[in-house]
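Heads up, there are several structures right after this.
Look for subunit A in each of the two complexes below; its partner is subunit B in the first and subunit C in the second.
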Partner chain A sequence: MVEDDAADLICISVIDGEYFVFDIDAVKRVRNDHHVAGILVGTLPQVPQQSVFLGLPVQLMPEEVALLVQQGVARIIDEALSHRTILAVDENNIDEAVAKLKINELESTESESQGALASYITPTVSITDKYALPESSVSAIYDTPRFHVYKYLHQKGYFISPGLRFGSQFLAYPGDPLRYHSHYLVRGVGYEEEFSLLELVGSGRLGTGVKKAWMVGGRLPDDWQDKSAVLRPSQTNDGEGSETDDDFVSFCIEWAGFG
Partner chain B sequence: MDDLDKDYDNVPATQGRGEQEDAESDDEQQDWRMLTAMGSNRRSLPKRGEKEYEPTGSSSDRNNLDESRQAMYIALNGERRHTSKVHISGIWYPHLRKAKVLVARGPHFKSIGKADSNGIIWLLPEEVIYLMERGSMSLYNAHGDTNISLQGCYAACLGACHGHERYLVYAHLKRLGFIVQRAASFDGYVEEETVPKPTSNQAQKLWNFLVQKFASFCIGLRCVFAKKIPSFGPIVCGGLWRSYDSIYKALQIIPFYSHRGPIVTPKSTTAPFRVAYNIWKPRPSFKKSNPGEPDFRVVVVNAQKDKMPTLAQADALFSTLPTAHGSTSTSQQRLRDGYKNVIIGVVDCGIISFVKFGDVSFGDERIFEKKAANSTTTKYRPTKKQ
Partner chain C sequence: MKKRNLNAIYTNPLPVEVVPLPPLVPHNPLSVAYYVYQLVFVPFVWGFKRRRRFTAYLELYTDSVSSYVSSIAVNSYEDMQGLWKAGFFGKGTQSRSDPTWELRTAKRLQEASGEVEGVAPEEVTARRRAARKKFKNARALAEQGIVANNTAMEKVETSEESRRQALSRSEDTQLRDSEGKVRRLEKLQLTFQEAFFLAYALDIIDIYDDRTGDLVAVPYLLGLLMPDWSPDNSFIINYVAYHHYRSHGWCIRNGVKFGVDYLLYRRGPPFSHAEFGVIVVPLYSDESKNQLTRKDWSWSSGVNRVVGGVKKVLVLCYVEVPDCIDKWHTVEELLQKYKVRELVLRRWIPSRNRD
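Take a look at the complex of A and B:
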């Protein structure tokens, strides 16, 4: 399922329902060009016995993948299917002796080229035909509150990461997380979805305690009667603001700290 | 907040920035230039860098960012390479969901891998991915014609790890030096999970049964003969009370959950609230064949898919755990760690947070008894009612 015009799309691997980027060039494009940082989840081979600096692959949230696919800059590759030729085995017909011979050959050519001190390299990325999935594999999340708030913040230029550290859905950074601290704990809700006051208090106080604000936001349903009553003037009428703001309403909460 | 401003002026650049740094320093992205600065000194952990508040658009901002990114990309592009001296190689068999080890050099096999009756070592999928990621292993397909890449290894093995979240927790703990093994309940509920060892001796069983019956009988008797709790007015009234202890005991009228009941039989656990991994602190004397009691037990849950355990789920999980402390534990230890405890690793799209759940029976810790022993006993005469 390789199309030539798809060759320039960023490849995002889906394995066991999770999204990864293995190729370093794809990682650079996704971060530099589309301000999607993702989370590094692999062991760094240079310094393997620590978890401060991790290596490839980068893991992406479903919302990040959905946005990149929606914008037409990336495609999703099913790696299990892409690797099926390499990994195929006929259970009843395993010739281990032959396999071992071939492996010895592979390894000895490696050590020949290395000279005296043989070393073995594991490549990071495979060279296979790519089995791409259609957009419909992620389009189901386009209409979720999480995706609405993610897209809204992304369009405003924020970097967004998972919010587990502070019990929120996302964290929003004004710039690359490498250089800047996050500013918001983010919670997306349906426009008429109820959320508890306890959550507002808990998240608001927690956020303020760690120098962030709690941001809650939702998208006006398409069939909302009087949008201009809700949206800011810049969000309606003129063509300027409406594209980016996308009928989104949000509030930020910080504790005032009196007393 | 004012204190923080002071810190900016006086504290040298390499130290943290007080509150903000502490709040985020645990697992926020760090500056990769610190890693490069480490150079060949692999003994110490990389230092933590400084961050800015927000982009100012200045060129120095831009330069800092570009340098940081470059340092990171260069590090990420590092090779996964190992020498023949510590070479490990194996073949992945998809239908067995394991790798057969061909060459097994190096120190990893003290805690990784399992030998079968023919002496062949087999690796579990999480062990394979871990060794491949750190560049310690070469993996081949069943035909022997492809050196599988890290990407191919994930494609082959991740599905057999019982969830990416479990692999993440495994790899994280391995990196920190712990010994990690799958628990018996890794794949599902197991009839005989690790519990206080049940006695197999028939006579012992009969004796335990009789003791339990007698204990319940005594508790029942005590209820009958105990002072009746008045249905209105003060609980403690009238009479001569010789110690605070006896007063406090009389005040204990609210039933509470106690561990002093009969031994609990393990209940059937539900996914994901069952122990996934047993963890041992690193020690050179560790033997795979006889590891001994684990130092920790870890349950792994997915932040997006799973919810907090219901009381029933938590109860079932705890019924499969052994007691945390022996009879020599102090009250403080029991209150802090719980009668039983377990660690739950919550995973959210690549980020892990560990939480310790403890089963603490506050009512069993008679704080008042210790205090009463310390203070002088006084006679207490309640004031007569007007």
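Take a look at the complex of A and C:
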């Protein structure tokens, strides 16, 4: 993938509804700067006949992608569309198509290096910009309880990965997953959503059995009357901008008397 | 600790007496006479004297709309023990499940002269936890390279234990009534399903209203226990599953501690651990309703993991709910509208499971 201008947004490819990052530099940036770990899902060419050790690309959860796009550090590329467009050529004229592709690439790189030449009009968008999807493609999940709890934990600095193995929505690690075992099994619920006591007991038991705590949390609706009665004092005093999702109430549950 | 003879204590799987009929030899008049005697005479005459009925009291709470049952409890000590020992019904309010509060309090206060018979499960648990704590302390010391002087420590501990036991609490005076005997403070609480099963299916319990003292008849009891008259109300679905498994001979206890609805025991909790954990799922004939109530894969994965981790098998009990339950004359007719199907869900990992 051609890395473009200085504004350097991370390119996240969407293929059939799943989000991938193919570029190793982008993966490093995402992990180190934005503490989003993701999952390796590609086959390693050195050891193809096993699935314990996997390589690039890194797959991201929809919540992770939505957060990165919301913060303006990444954008989504429609891979299928870009492939179809680039490869929409007559098979007999393959050479022509390759030449056209090379010219396209040359155009974008040359224009950057020879910005002074008046005969070339510097393209304001690069080749990847043509296939970038707008933010509205992921904004649908901004209002879900899952996204609220994800954003809350992300702002606190946790690494979050999918929690399907433990029957929860996410797993939260206090630091890099390679250094810690996770602390919390996370479930996000709507503030007034009902969930069954059996689920609470079962998840608490499961969590305690694997040395984690089960965390359940929800975001107070904006039109809640008396927020200060529900939130902790440190949350209500926070007057910083609307980006900090501090209207969040969470509880952790562990079984006592185990072990 | 003497090993109890469980088969002698828990002989009956249900609190009903079964008197088998003698063999009938048609050409022998004596045999025919004896057979007819057992068939006709015994149930009506002898049975009345021997037949045991239990009593329970129903507490209601009323709000502006209607009355709801808040609890059904058995107060008499003999009834409590009878219901627990035959079928493991109910839960003692002051104990883990087996109503042993009286026994444990007698031991603590050392009422009877000499040894009080019987060991309560709570004491077994306490002993096991104390042993584990001792083991952990010893292990911690061993890890630090200190060789502990075991005998000295043990002696100190037992004398402390006996001192602690001999100390009675100041509240113990409130335990005794005016004559100085220990009050019986424990009740056996029955779940709604258990109470209805005993009242309707076995017909061996009389349930009285706590405030008025009136006997509550079975159809009226059904109306009180159901939160509303929708076909999928929580009481009737759980009762259908409870009735189904009891009629197949399983002992059923509540499964909250494993995140399931019921636990199925082959004979009972003292004999072995539960084999199955049952989750009751309503199944509607209308497919769109089923879509609304269905659970996702992460729920299934979590429940499977908990149940599999305690070596039980997860059973999903699907109760087919009828469309409406307005027309019925007997409770039997109502229950026949429901059907039950089961599905076993097991986690199978090819690298770990070899069966």
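Everything that follows uses one rule, which is that the second predicted complex is superposed on the first by the 199 of 259 C-alpha atoms of A that agree within 3 Å, B and C clash if a C-alpha of one lies under 4 Å from a C-alpha of the other, contacts with A are read in each partner's own complex, and residues count from 1 in each chain.
Assume a contact is a pair of C-beta atoms (placed from the backbone, for glycine too) under 8 Å apart; a residue touches a chain by one contact, two chains touch by 3 or more.
Worth saying up front: this structure is predicted, and the values here are computed from it rather than measured.
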Between subunit B and subunit C, more extensive residue contact with subunit A: B
First (subunit B), second (subunit C), both or neither touched by A:211: first
Touched partner set for A:98, first subunit B, second subunit C, both or neither: first
First, second, both or neither for A:175, with subunit B first and subunit C second: first
Touching partner for A:202 - first (subunit B), second (subunit C), both, neither: second
Contacts of A:256 with subunit B and subunit C, given as first, second, both or neither: neither
First (subunit B), second (subunit C), both or neither touched by A:51: first
Touching partner for A:229 - first (subunit B), second (subunit C), both, neither: neither
Contacts of A:164 with subunit B and subunit C, given as first, second, both or neither: both
Residues of subunit A contacting subunit B in one complex and subunit C in the other: 163-165, 209
Subunit A partner contacts - residues on subunit C that touch it in the complex: 256-261, 297-303, 305-306, 309
Subunit A-facing residues of subunit B, complex: 19-20, 23-24, 26-32, 35, 38, 42, 45-46, 48, 51-55, 61, 64-65, 68-69, 72-73, 75-84, 87, 89, 91-95, 102, 130, 132-152, 154-156, 158-159, 161, 163-164, 168, 171-172, 175-177, 303, 346-351, 353
Residue numbers on subunit A that touch subunit C, as the complex places them: 163-169, 197-199, 201-203, 205-206, 209
For the subunit A and subunit B complex, residues of the former touching the latter: 13, 15-18, 20, 22, 24, 27-28, 31-32, 37-53, 55-57, 59-61, 79-80, 82-83, 86-89, 91, 94, 96, 98-103, 106-107, 111, 117-126, 128, 161-165, 174-183, 209-211
